[in-house]
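Here the chain labels run A, B, C and D in written order, and each chain numbers its own residues starting at 1.
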Amino acid sequence: MSEYRFFHSIEIRYGDIDAQRHVNNARHFTYMEQARSKYIKALGLWEGSDFDAIGIILAEQSCRYINPIQLESDIKVGVRTVRLGEKSIETQYSIQDSQTGDELAVGQATLVAYDYQLRKSIPIPDDWRVVIASFDDI
Amino acid sequence: MSEYRFFHSIEIRYGDIDAQRHVNNARHFTYMEQARSKYIKALGLWEGSDFDAIGIILAEQSCRYINPIQLESDIKVGVRTVRLGEKSIETQYSIQDSQTGDELAVGQATLVAYDYQLRKSIPIPDDWRVVIASFDDI
Amino acid sequence: MSEYRFFHSIEIRYGDIDAQRHVNNARHFTYMEQARSKYIKALGLWEGSDFDAIGIILAEQSCRYINPIQLESDIKVGVRTVRLGEKSIETQYSIQDSQTGDELAVGQATLVAYDYQLRKSIPIPDDWRVVIASFDDI
Amino acid sequence: MSEYRFFHSIEIRYGDIDAQRHVNNARHFTYMEQARSKYIKALGLWEGSDFDAIGIILAEQSCRYINPIQLESDIKVGVRTVRLGEKSIETQYSIQDSQTGDELAVGQATLVAYDYQLRKSIPIPDDWRVVIASFDDI
């Protein structure tokens, strides 16, 4: 596990830029969320339209800012799972310049499998476990 | 009907400011939406938590920008209904400097009563009609 | 002048979806802003990074909502100029399903040429006038 | 240093709510940013309007989610500095229910003093150091 096997390109919006004239710090989490949702969909874990069916919630996340992201930047976000606990999924993110591959920010998020009917965390479904472990070779 | 009887104060967020260093033009619609949701709640037409119960959808809206809104501005948004059609509710908005009363922007939105179960527009419920007409004296 | 000659694709973000589970109404203006900024750049009127150089401000804008936009929708935004006044630029927008071409929303915005140094509106620069009139055949 | 001496109330906006029908996870960072900007202003470190004068940048931040925040929640954000390095300021955040004091989320951010003219990090100005240390008793 040393590389990202999944990347999703993000188009920076004019509205993402704040008064400091680079991407607002909270948008990095929006970018990671967007890439994560595409990763989950690419792995076949969510079909993309039933919002009551997404069995994951966010327990914790962080971002380390390396370089400001400019409006004209061309970026992609790498997503990978690095560890599967009983109920938790540890994911990492790398926001990169698509041209140079330079890291502009790195992030991390702990997801927890969740049953929206029972309103409590649940063990990661076996089929999720198999698909994720296989995709990211963990 | 010449005055606003309902005002809601909005705290401008650092994140509302764009690269031009004033409030981004799309945020005016967020401010109007926020004030409208408080107006609807104040009139007792929505209790504030059941998202499948809100019987209104937005058919059309506009905003005219008079003066840029700064991060340090202290603003309030006036909301009023100016006309009740069979299925539509015509609303107007005035974004004002709370100190001076100067208008910074004015807006308008046409709302339509909607049945989320039937997935179609419906006549405005009579109790809504009575409450709104009474409040805004139309 | 009956067609759009410029289209820009927008990727809908998970974060664009609101409690009603479709794209929040204010985001339509973000989409139009984004498409407009690409249109302005495509026409060579702005190079994309000097925020003090954008000589336009927004005087007024509106949106008419035709169909809700879903997270999984694949959309593009058409932008065109329909009229050049002495100081104002009338633009129109069509948010369409990229697959079917169905209109999901239409919008309109009045832009005004602006001198950030003098802090006042100015006549549309002649080179802008030529480029826009030629591109949109008006 | 066991309590927060600074709190800032946040009004949750309808537009902060996502498809899961609670506050979107990225908004927690917007709330922390907003509270931080008010904290910095309250301490007299920034006057609130000169965006080239803010001598701090964000090096890293995180959030741990304890309970979902609802549209109808009444919240406040505690901000405090827990450590002053040579160039860095370690801050913590507590997003609380204003009624019950229950923590809904906790966060942390590392700020770095920055000279926008020289474009590099700088030692924390002595007057900042005195004001912050005194306010938060560190």
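Observations, loosely collected:
The rule is simple: a residue touches a chain if its C-beta (ideal position, glycine included) is under 8 Å from a C-beta of that chain, and two chains touch if they have at least 3 such contacts.
Note that the coordinates shown come from a computational prediction; the quantities given were computed from them, not determined experimentally.
Distance from chain B peaks, on a Cα-centroid basis, for A. Here B-D and C-D were compared by C-beta pairs in contact; the pair with more is B-D. Spacing of chain C relative to chain D, judged by their CA centroids, is 34 angstrom. As a whole-number value, the distance joining the C-alpha centres of chain B and chain D reads 30 Å. Residues of chain A in contact with two or more other chains: 14-15, 17, 19, 21, 26, 30, 33, 51, 71.
The touch graph of these protein chains is complete, with an edge between every pair of chains.
Residues 10-11, 13-15, 17, 21, 30, 33-34, 37, 48-49, 51, 70-72 of chain A touch chain C in their complex.
Chain contact summary for the complex, chain B toward chain C: residues 19-20, 25-27, 29-30, 33, 51, 54, 57-65. The touching residues of chain B, counted against chain A in their complex, run 14-15, 17-19, 21, 24, 26, 71.
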